[in-house]
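Both of the next two complexes hold chain A, though its partner changes from chain B to chain C.
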Partner chain A sequence: MKIGIPRALQYYFYEDLWLNFFKNIDVETIVSPATNKEIVKNGVNNSIDEACFSSKIFIGHVEYLLDKCDMIFVPRIENSAIREEYCTRIFGLCDLVKNTFQGVKLLQAEVNYLYRKKESFAFIEIGAALGKSKEESLEAYKNALSTAESIKEIKILQQEELLNSDGAKVLIFSHAYNTYDACIGKEITDFFAANNIKVAYADLINEKEAQALTKESYGKRVYWKVSAQLIGGIEKYRSQVDGIILISTFPCGPDSIFNELLIRLIKDKPILSLIIDEQDASAGIQTRLESFTDIIMAKRQSGGEL
Partner chain B sequence: MAIAEKVACAPQIGDYHIIADILLQRCLNYKTMRCPPMTKRTLELGARHSPDMICTPFKTTLGNFIEAAEQGANVFVMPGVGCRLGFYDILQKQILDDLGYDCEMITLFEYIPTVKRLYASLSSINPDLTQEEFDSVFEIVVKVTVDMDNLADFMRRNIAFEVNKGDFEQCYQAYLQEVKSAQDVTEAESIGEKYKEKMESIITNKPGKPVKIGIIGEIYVVVEPFSNCNMEKWLAEHGVEIIRSGSLTQMAVAIFTVDEQVQNSGGYVDYNIGSTANDAIAQAYQMIQDGIDGIIHVKPASCSPEITAMTILQNISQDSNVPFMYMTFDTETSEAGVHTRLEAFHDMIVMKRRSENE
Partner chain C sequence: MNKAYLGIDIGSISTKGVVIDENNNVLASSYLWTSGNPIAAVKNVLNEISQKLDKKYTVVNAGTTGSARKLIGVALNARVVKNEITAHAVGTLAVVPDVKTILEIGGQDSKIILINNGVVIDYAMNTLCAAGTGSFLSSQAKRLDLELEDFAELALTSENPAKIAARCTVFAESDLVHKAQIGHSKADIVAGLCRAIVLNYLNNVGKGKNIKAPVVFQGGVSKNAAVIKEFEKELKLPVYVDPNGHLMGALGVAVLCKAEKEETTFDFSITDTDFVTKGVECTNCPNNCEIICVYKNEVLLDAWGNKCEKGTRIA
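This part shows the complex of A and B:
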């Protein structure tokens, strides 16, 4: 039995949890490779043209895995606490994949707090589908969760160290599945690395802390889990960076609200908003990154004034 | 400086301004006004000041508010609830602030719409509003909503076949006009019954098997005629019986019955896919069982739940051999373009029927 995991969307939120869980219950997995042109092409061809670019990439990864594994792991994660939901594209994924590739074998389970379907139950369900006992799955889940949490804690500490060090820094405000995708954010972070600018990520923040900061700045709870976390990250880290980069894929629902709000509300830092779609235009993005770098460097040299 | 008088205004959503009028006039201690009827200018204003990627209702309602603000409105009422709609208020308020309008934004619901929450929002603005007063207004609101949706539903099924052109519309408008001033729920009910009888007695010459076209999709575009380029009017003029899924009544039910919708979708979906998209799928599936000739799926540009639904609807269409047409409306959609597509869809259905009969 081999489980295929698409390297897209939710994978980037749960990478450590999922991979460690399957390792702990001793089930072989195959993760699709970093997004490449072929995957993008297949994703675009198998999607409705109005769908967002990130979900097209997801479909491309599923297509890649179709003949390479026995089942594809597409859990349905709606919310993990009250008023903490994912975007509808993400919780509609299961039905989207089922209707795009008819007859595809999915390993699915639901996480839905409102229906009392906790994350641990979902992993027991997955374990059961793979012939594992309840105790075995629960043990594997708990261990995987603590591994994943400590990995994240280390990343947050490393980021804090980076933010306290000298040199120019930018903060990336983007969903993890865009930030770390080879065809979306990687080109941008690589550019900064090549230009000796340190990169911090708004999603590297403790979730509870982020929710509290977000509620404080907007006066109401932001029920999109990822957006709430990112806004918290901006509030926490923005005083320590020289500029903010917003990366979205076209057309993104949550970003259409919050990117605009951030641009309107943050007046003290330069902001660059990049919207990426399947039209490959890296030359255009390079130009915009170069001019943004010039701005933050000039600002640094003049001591904050431009 | 004198404090400006508070004037409350709700966005234009089809004929539902009647509901907004009843609710706001009777529950708030503010003056209320209707936003100016939507025109091309409303769309242009809305689009100019909105982010590109946002869904179209944000742009149109923002256009409404800007035009209303120009005429003195300074308190804007939005329903809130989930999806992107739940965040319209903070961004629209920010945009209006940046444009220099000194205004207030009222959000009626938060996340899960409940009657309790509605009372809490209204009484936080008008502390004099008692629970009894609110209850009696809310009773009228519910009655009028259900009645007007039923009347409009009956009208859509028959308007294409009226003998005297204009009878239905006239009757419906007269109902809205009269029910607006109903003092209690009994009065609203008797007005509703009177017009139900009137409407049922309108003379029609409906053929045995008229062309039936269903309309499903995102509620705002479905119920807002200006936003869907008067689609229903065109269909009615061309002798089509319209079966529309999508009204305030239906949405109020749909929010709480997602599980049933999943069960009634013929196995095409397993889960809630967001907003009212499950309802669109369940309704389409039901329409096909009831023998529909074609279905039009409408949505505003970039509406993500409905985009997910499209993938599923395409499979339903293929398996059932019922044609579907997918229409996306944004601030640039032209009426002529929409009508051309409707005409082609209508012609295709008529030809399909003819070939099936032979």
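This part shows the complex of A and C:
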């Protein structure tokens, strides 16, 4: 039995939890490769035009896995607590995949705290589908969770170290599935690396801390889980960076509100908003990144007096 | 020897070249159509400049900007290769030192640059949509059977500009046809179009930006007096258009060249050199990167466009 995992969307939130869980219950997995143009092409061809670019990429990754595994892991994750919702595109994925690829075999589970479907129950459900006992699955889940949490803690500590070091720094505000995707955020972070600018990520923050910071600074709880976390990240790190980059894929509902909100609220740091879609237009992005770099460098030289 | 600095701005529609002395005085300039062939256009610009330039000057550094900046930068061995936003800001600052806002509407793109104390603090460019740029105006002029040069003149005669939807050029175009069919005069429609360009620009590119005087307007569309008038009406600020407004990008890189510590004498005989570019698709992985190779007299000068190491072998 081999489980295929698409390297897109939710994968970037749960990578360590998922991979360690399957490892702990001794089930072989295959993760699709970093997004390339062929995956993008297949994703776009198999999606409706109105879907966001990130979800088109997801479909491309599923297509890649179709003949390479026995089942594809596409859980339905609606939320991670009451009033911490994921985007509808994310929790509708399993239906989207089933309707796009007729007869595809999916490994499914549902997480929805509104209906008392806790994360741990979902992993027991997955374990059961793979012939594992409840105890075995629960144990594997708990271990995987603590591994994933400590990996994240280390990443957060490393980021804090980076932010305390000298040199120009930018903060990336984008859903993890965009930030770390080879065809979306990577070209942008590579650009900064090549220009000796350090890159910090708004999503590298403790979730509870992020929620508290978001509520404190915006006076309101943010309904979208990922956006709430990212805004908390901006609040936590913005004083330590020279500029903020908003990366969004077209068309994104939550981003259309929050990117606009941030551009209006943050007046002390230069902000660059980039919207990426399947039209390959890296020349335009290059020009924007270059001039943004000129702005933050000029600001540094003038001692931030602007 | 009198030192001079060369700046070349290779845009989608036109190619501009400027040579300045150490006090930012323009010694020679050239403005030609790119006509889809940036290398040929640059050669023509260089020929024109070398004829105009006083022989007592020696060009000690050259720089490029505009959408073909990288290609031409490699071909000319330019010291400075700068994005158009910084180049335009630097160029404009050399002419109008206290400028706070630069409005630019070119053939294909439009941008706004905000400046404080001589440094760029914010900018915006049009997104995927080319609504409200010069090419829209020229296509509508053609539709109305007008020369672009007569466009502004006719628009200025209108006292009651027709209201034309400014959000999107597709709607603007159908609105325009509609207005003509229900009987608005050509002058009112043309004036409405100029107004639509301005509203579109302020609603898209200029959205949420704090536009302060002095305001400088440049790019091809800045030659249109009716558009200038509409900007002044809408912003309630005087809008300055420099007669050399089209050269600001080229001037900007020339000024940046001046700031460079090292110098390489620029040889105008480069126009006799044969440059060939070739686009190759790398087949080593599914990304199929398009790699651009530049050959100088049949020797590979540089290649770029590959996302990973695998592509280097292709070139």
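General observations
We take it that the second predicted complex is superposed on the first by the 305 of 306 C-alpha atoms of A that agree within 3 Å, B and C clash if a C-alpha of one lies under 4 Å from a C-alpha of the other, contacts with A are read in each partner's own complex, and residues count from 1 in each chain.
The criterion applied here is as follows: a residue touches a chain if its C-beta (ideal position, glycine included) is under 8 Å from a C-beta of that chain, and two chains touch if they have at least 3 such contacts.
The model shown is predicted, which means the values in this text are computed figures rather than measured ones.
Annotation: superposed three-chain arrangement on chain A; chain B versus chain C shows no clash, the two fitting side by side.
Contacts of A:Ala298 after superposition on the shared chain: chain C is touched, whereas chain B is not. Measuring from the middle, so to speak, at the Cα centre of chain A, the directions to chain B and chain C differ by 80 degrees in steps of 10.
In the superposition on chain A, A:Glu38 contacts chain C only, with no contact to chain B. In the superposition on chain A, contact of A:Gly131 is made with neither chain B nor chain C.
In the superposed pair of complexes, A:Asn99 makes contact with chain B only, with no contact to chain C. By the document's definition of touching, of the two partners only chain B reaches A:Ser248; chain C does not. Of the two partner chains placed around the shared chain by superposition, chain C is the only one that A:Pro270 touches, whereas chain B remains out of contact. Using the contact criterion defined above for the overlaid structures, shared-chain residue A:Gly167 touches neither chain B nor chain C, since it reaches no partner.
Residue contacts after overlaying the shared chain place A:Ile257 against chain B, while chain C stays out of touching range. The superposed three-chain arrangement places the nearest Cα atoms of chain B and chain C 5 Å from each other.
In the superposition on chain A, the residues of chain A touched by chain B in one structure and by chain C in the other are 264, 275. Only residues 47-48, 50-52, 76, 78, 83, 87-89, 91-92, 94-96, 98-100, 102, 108, 110, 218, 220, 222-223, 248, 250-261, 264-265, 275 of chain A touch chain B when the two sit together in their complex. Chain C meets chain A in the complex at residues 67, 82-86, 116-117, 119-123, 125, 127-128, 208, 285-288, 307. Touching chain C in their complex are the following residues of chain A: 36-39, 187, 263-264, 270, 275, 277, 279, 281, 283-284, 286-288, 290-291, 294-295, 298-299, 302, 305-306.
Interface residues of chain B facing chain A in the complex, by the touch rule stated above, are 50-55, 82-84, 86-87, 90-91, 94-95, 98, 110-111, 268-275, 277, 301-302, 304-305, 307-308, 310-312, 314-315, 328.
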